Amino acid sequence: MDMQKYALGPLPNDGLSAEDRDLFSDARPVPYEPYPVAVVEKFVNWVRANSLWLLAFGTGCGAIELNPLMTARFDAYRMGVQMRPTPRQSSVFIIGGYASVKTLKRIIRSYEQMQGPKFVVCLGICPINGGMYWDSYNTLNKFDEYLPVDLYITGCMPRPEVLMAGVLELKKKIKEGRADGANRYIENFEWYKANQKRVIKDWNMPDYNW
Amino acid sequence: MSLKDLISPFYVWQRAFEKPYTQKRPIEDRPGAPRYRGFHMNSEECIGCGTCESICQNHAIDMVPVEGLEQRAGDSGLRPRFDYGRCCWCALCVDICTTRSLHLSNHYAWVTEDPDAFHFTAGTDAMPWNQNSLGYRRDDDYHLLVHDRVEMQALSAEESVAGFDEVMRGYTEEEAVLEADRCVECGICVATCPAHMAIPDYIRTVRKGDYEAGLRLLYETNPFSSTCGRICTHRCETVCVMGYQGDPIAIRWLKRAIVDRVPQEKYREILGDEVEENGKTVGVIGAGPGGMSAAYYLRRQGYAVTVYEAQARAGGMLRYGVPSYRLPDNQLDKDLEYIRSLGVEMRFNTQVGRDIPFTQLLDEHDALFLAVGLNQPSALRIAGEEHPRVLSGLRVLDDVASGKDPGVGKRVAVIGGGNVAMDAARVSRRLGAEVDVLYRRRIEDMPADPEEIRESQAEGCTLVPQAIPVEIRNASDSNQVTIVWGEAEMVADDKGGRPRPVLQEDRMHEETYDCIIAAIGQGGQIDFIPAEFRDRIEFKWNKFVPGDYQQTGLEKLFVGGDIANSRADAISAIEDGHHAARGIHRFLSGALDG
Amino acid sequence: MQNWPSQIGYFMLNLTIVGLYGMLLSGIVARTLAKVQGRIGIPLYQPFLDLAKNLGKRTAVSHGVMFYLGPVFRLAGGIGTLAFVPVLYGSEIFGNFSMAGDLLLAMYFMFFGQLGMALGAGESGHPFSAIGIARGLGQMTAYEVPFALAIIAIVVQYDTLSITEIVAAQQGGIGNWTVFTNPLAVIAAMIAFLGMTAYPPFDVVMAPNEIPIGPPTEYHSSYLAMMTMNQAVFAGAKLILFMALFFGGATNLVELVIKTWAIYMVAVVVGAAFPRFRVDQSIRFFLRYPTLIGIAAIAYTQAVLLP
Amino acid sequence: MANAIQLLADFGRNFTLSDIREQRVDLAFCKAPKEQAVRLIRELRDDAGYTHLVFLTNTDYIEQGIFTLTYMLHNYDARHTLGVHVDLDRNAAEMESIHNLWAQAATYQRELREMYGIRFPGSPRLDEDFCLEGWDQIPPMLKEFDTAAFSLERFHSREGRGSVDPSEHMKTLLYPTHSDEPSSGGS
Amino acid sequence: MFEPNPPIDLSSGKYLKLWQGPQHPGITGNMSLELITRGDEVVDCKTHVGYLHRGFEKLMERRTFIQNFPVVCRIAVPEPTFNEYLYAAVVEELTGIESPPRAEWIRTLNLELMRLASYLMWLGGIGAAFGQSTVYQWTVTHRDYILDLFEEMTGARIYHMYIVPGGVRGRLPEGFEDRCRDVLNRVEKLLHDVEKVLFNNVVFKTRTKGLGHIPKEMVDPYGITGPNQRAAGFSRDLRKDAPYLVYDQLEFDLITATESDTYARSWVRYLEMHEGIRMLRQCLDRMPQDGPFQAKMPNVLHWEVPAGETYIKAECTRGEYGYYMVTDGSEYLRRVHVRGPSYTHAIALMEKLAVGTNIADIAGLMVSLHTYPPEIER
């Protein structure tokens, strides 16, 4: 990936009509700095790792295995995981397999509404390299071109056990402070935006702030 | 609203006093089911045929070269590399795997942050699940391929032994399509075929019923398609991937199926008869498969080709060594006629060294291709072999081919286990003789084609394995001959070679026959090459050892066929001729260095 | 009342204890419900982690001043309610700002929190918030009716507006508890309590399956943390209020814990068993049987208890 | 009705039906001209008991330059399904709408409009996006639309792949000189 | 028949436009409803699909017949097996291959297990949609027990890829019958529990009775099939009307109701689950223990299906599921159309039924129609 440097200045928001442009902020996202005191950062990371709120947005077939995960058989609540129906309160976005272009639009919207630190986990083969639908005209092949991904779980579908293993892995990553996908997104904002706009032909949303 | 409807829901609390459904440690306690379709494993049986790649609808499999893999026949040296950003674990690759080397384990967890990491070569990369014993395997009763060969119509043993009619009747169109349909088109066979014929491609033309395209494909590498479609030693079939779980594809019969469906009149139309003369001449010594193959490819390139043949007709060993119930004369003529029709000049009854000096040829032509074959029967090297009733196998076959009666009598012993021995035996049967075939080793050690062995047995030849001839004596009747032979025990070779027969002195037999046919092999004859040239040519065991492109130390001389290779079959000779033609073309256009 | 500084200090202590207790209680309840659902459920300390996590969120979007003030009002409502409810009867430390007429103040603050929330969430501009608010206010108005009637009944019964005095009147044995002396009022109040706690069948305000969690849809980060804190404090205050008014109050912490837990469990037991009412159905419900019971309670009080 | 073919023969008096074919006892196909099709379908629905529209779809015969619509109708009482084919000109694909016969037909027509570009004048919400959003290519179900090429071009494929053909590999490994020149035989 | 809902003037300020979805609570999968509301009342509803559109019909046109077999199950994620069966049946009919009796029994077992699993998921859905999430937790767990059976039998939990054209992919594992019976007993017990908790529940009854009434005369013009149709009083079930596999050898009752509201539809499905268990037990009792389970197949790598066209349907949990296929004699099919019942249920029917209901009821109404978006957009 040759990423463009982080550019300054207000966002163009040129997908919006003039009156809508007033409704949305054109401020650029800023990367998150860790807490100045290392111990605090460490503690907060530990807390973040143990309180993972998933956005209840099953974007593909992967959602079908989230049902067992969040119910009695596997009971991921034990691990500090719960589903939140609103992106504002969620910190983990699970991309449940393939994402169609139409869904990508909603995914970007939801992702940008999530408050950082936020993490993206891709389930299944489709976000990795297209999977089953590598030749479909409506599904993405490489999800990491559009949003930063922190973790991939392969499988079709990945079983709930793997999802749990994935949660453990994500926790580890967060605790070590390596889950910095959201920062990558901001640092390479132009690159991601260009990719998103390349596939979403009817871009009629603000560029970042909601 | 009834009271029951108000009270009944509180039943929900009953669950609170029961054991939870929750699995305590799901990651550890729930391995995949014994049949789970988890991650791929590949065993050593894999030969890299790539069938898994062709069935994968996700294009998740790449065939990649693997370092340090030992090169063996029928193994492409490639191994499947899986992209777990594509694979959907449908396991069609497992179902279709021709060697059953590919399995799925019941391992299913792979989590990483690097999207580029999901590649691995099954079986050779160290993966955590390589030792798993459970996982999906194809059920024995479930097949996606057809494992049984379509049997070809053949004369019954009684019918066939009654005359010299062709035994194998050829496939009908439907049979050919069915048999061609079995092919997985992996192409492993191409390397093994001495002529490297485009086997999967021409099989596909059979399947599609496009015989003209098939014929064109055949002639790209083999101008003796009709012949090879009948008597080829089909080395390709020994490595055919379908042979791992069933019968190999009948590649030879499919080749024949193409040729059988194209009448000779159409050859020139289909294959073309245009030749652009280039003004250079090439001499070819020997009109056997090697020589005629070279003549064909050279003529195609525009060379004026003259073939010198000692016999009265072309075909060499194909004509004089292969009986017509295996290869009818008209089929051989079909091949030869087309080659001749391109303008190849034939000089029959012209034995080099006797009728025309070798040096003259060397001077007259820009290059020479020599493929005189092996026409000197090997000696038995036992006492009494000069007995007049000891005939050579080649002689017998030659006589029969030329329409002469070899006079084998009523009771015949054939010594040897090769194709010539089998042919001699079967010819003798057709001439009305009782036949015993004596062979030093076991039946499974016989170098003859299995089907020749099978058919000869079916036709009533008695195979006597582990029988070592010791002496030949005069019989009481001068028209007969007596052979003394001893039984042999197979003794394992200390050096790891194949087992050796050891004569058992105490178990000797004595039998009297009308004649004994010795068919234990042939040797070459190269005396016609003047000594001053011979010094520049490399020989081994009285055979040529050609260099690149079949060239010898004598630059203008290219050699091929049985006299220059160890495989001694028609298809190798054909390839030698073809390859020499390449070499001569390069040599004469200055592209061949050395 | 004599010693303001120390009383404020005591109140802060109360606030902390009740807050922590409220959080713990939500953990306990979550585990209990999990048991009903056949699972193990969250660790008891999970609510604390979630709270800390939300506080540790690094970005925050504000939709305007009211949006920001919403949780503040809400928290103020919770604190306010607690401020006028004596936690332990007869304890100076746990007495809070109990005074004559504190019952009215407590009820006012309960209402105030909801209103603040309504204003803030309305500012977020999310339609689901707006719908949630409308539902929440509607339902609150409805359950306030039986609740108010029950309060009137016991105010009449005890002839005082001071919570402390009501608790005092219930001392001296289980038989003196309002629940036994004036059961109709307690039934009306407890049904209203079901509505207040927003467990099914009265959870239409949040209704994650219809209007993704309703009013707090847009709340996040520290705003959400503030609301969580308020929920804990408010739940604690509410439980203590109910305990004080109807179940004889508590004289020590153990009694407090047991009683409040038991009261909470009423809502949980009902909640696990039922689906949810639509808002019109729940309003109709509250205005029907519980209101009748409330009126009957007043009548009963007038006719039987105060002859 | 005992015999669907008989029924179609009866209808054949008023309509020009062709290609009548019985696939199974309970499934038959016929072809009607474009102008008569909707009237035929309406009569089948109202008079012959084919009250259930199973689906409406299209097959692309690019070689012949036609679209073939298939109206699949079902008769619950006779337990018989009938497919009515209608050929359209591929270059000017337009068909009378049946949204007033069945409620779900409008959706099918919307889908056909999006996926094949067939127009159904009068059908509600016909030009609204159905499955796609912001589509900027020719309708994707057309045979000439190459989805794999499009996917590769727009969505890319991950690097690090590459396959070797077994026979080619063995050739370069084992007998590289045996094939370096274009052979002379045949073509 | 199509009567558009009256036009709404959004600028009047009386109405609020509300989007539910793409993660819609009423369905498994993604679909959104564009609702126009006045207060809590829905005055207009439009269904938007396409979030899961993968272009299956296009992709299948460029895959060989065997390569399509792993693809089709993805069309309806929560209920893949029906796709597998129908695809296999269509290809078998066009090629003239007949799958052996043992395979037919195993297929029936497979389909009925799938139906049960799918219904369990739905049962949890209807509970959750009306706020009874405990039922959801229970039923999804029990569905998981069935997925365990699938895992054992087919090698995968969700995408079984087991019913292959020509038969099935393997025999039943050893001891499977016993484990299956055990699961059936557990599910049966659960169903009785759910009956007590959900169906005999005053709140549930209040919410669902009368909600989303489908008049009898609306059924055919809207193409309504399956339990939705049976709850409106029609005795139509493809397993009875056009028996496929071994359904003509199984004993089961057709469940119908007359009220045609959300409660009736739920109750019909609930009783069908019991019928399903009954059928599964018969399957287990009568399962052939030996014999081939796959017909003789050609080499699948270049499998050419003769030119032809056909349509095969089966009764899935939601109604008539069918595959229409046109072949032209090549290794690839010319056209395949997947007819899912959700196509009309979620769009034409839902848009009609939603009008006049409360926002709060939309999710429950949606669940009561039981729709899967992936089969709409494919």
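Order of writing sets the labels: A, B, C, D and E. Residues in every chain begin at 1.
We adopt the following convention: a residue touches a chain if its C-beta (ideal position, glycine included) is under 8 Å from a C-beta of that chain, and two chains touch if they have at least 3 such contacts.
Not measured: the values here are computed from a predicted model.
J.: Tell me which chains count as touching both chain C and chain E.
T.: A, B
J.: Between B-D and A-E, name the chain pair that shares the greater number of C-beta pairs in contact.
T.: B-D
J.: Going by average Cα coordinates, which chain is farthest removed from chain B?
T.: Computed centres place C farthest from chain B.
J.: Give the identifier of the chain nearest to the protein's overall CA centre, each chain being represented by its own CA mean.
T.: Per-chain C-alpha centroids ranked by distance to the global centroid put E first.
J.: Once you find the CA centre of chain D and the CA centre of chain E, what distance in Å lies between them?
T.: Going by mean C-alpha positions, chain D sits 24 Å from chain E.
J.: Please tell me the distance, in whole Å, between the geometric centres of chain B and chain E computed from their C-alpha atoms.
T.: Taking the average C-alpha coordinate of chain B and of chain E, the gap between them is 54 Å.
J.: As a quick test, compute the distance in whole Å between the mean CA positions of chain A and chain B.
T.: Chain centroid spacing, chain A to chain B, equals 58 Å.
J.: List the centre-to-centre spacing of chain B and chain C in whole Å, with centres computed as mean CA coordinates.
T.: Taking the mean C-alpha position of each chain, the two centres sit 89 Å apart.
J.: So which stretches of chain B touch two or more other chains?
T.: If we look for residues of chain B contacting two or more partner chains, we find 9, 11-12, 15, 20-22, 83, 85, 88-89, 115.
J.: Among the residues of chain D, pick out those that touch two or more other chains and give their numbers.
T.: 131-133, 140, 145, 147-148, 158 - these are the residues of chain D that touch more than one other chain.
J.: Specify, in ascending order, the residues of chain E that touch 2 or more different other chains.
T.: In chain E, residues 50, 53, 55, 58-59, 62, 70-71, 134, 137-138, 141, 159, 197-198, 201-203, 206 touch at least two other chains, as defined above.
J.: Quick one: which chain pairs are touching?
T.: A-B, A-C, A-D, A-E, B-C, B-D, B-E, C-E, D-E
J.: Enumerate the contact residues on chain B facing chain A in the complex.
T.: 20-23, 26-27, 30, 58-59, 83-89, 108-115, 118
J.: Please output the residues of chain A touching chain C within their complex, sorted ascending.
T.: Chain A residues touching chain C: 32, 44, 47-48, 50-51, 53, 71-72, 75, 77-78, 80, 82, 84-86, 88-89, 91, 115-117, 209-210.
J.: Which residues of chain A touch chain E in their complex?
T.: 56-61, 63-65, 67-68, 71-73, 85, 98, 100, 102-103, 106, 132-133, 135-139, 156-157, 159
J.: Can you list the chain B residues touching chain D in their complex?
T.: So the residues of chain B in touch with chain D come to 48-50, 53, 61-65, 71, 76-78, 83, 85, 115-116, 119, 186-188, 190-191, 196, 200, 215-221, 223, 270-272, 296-297, 300-301, 548-549, 575, 579, 581-582, 585-586.
J.: Any idea which chain C residues touch chain E in the complex?
T.: Touch list, chain C to chain E: 33, 36-39, 127-128, 130-131, 134-135, 200-201, 203-204, 207-211, 272-281.
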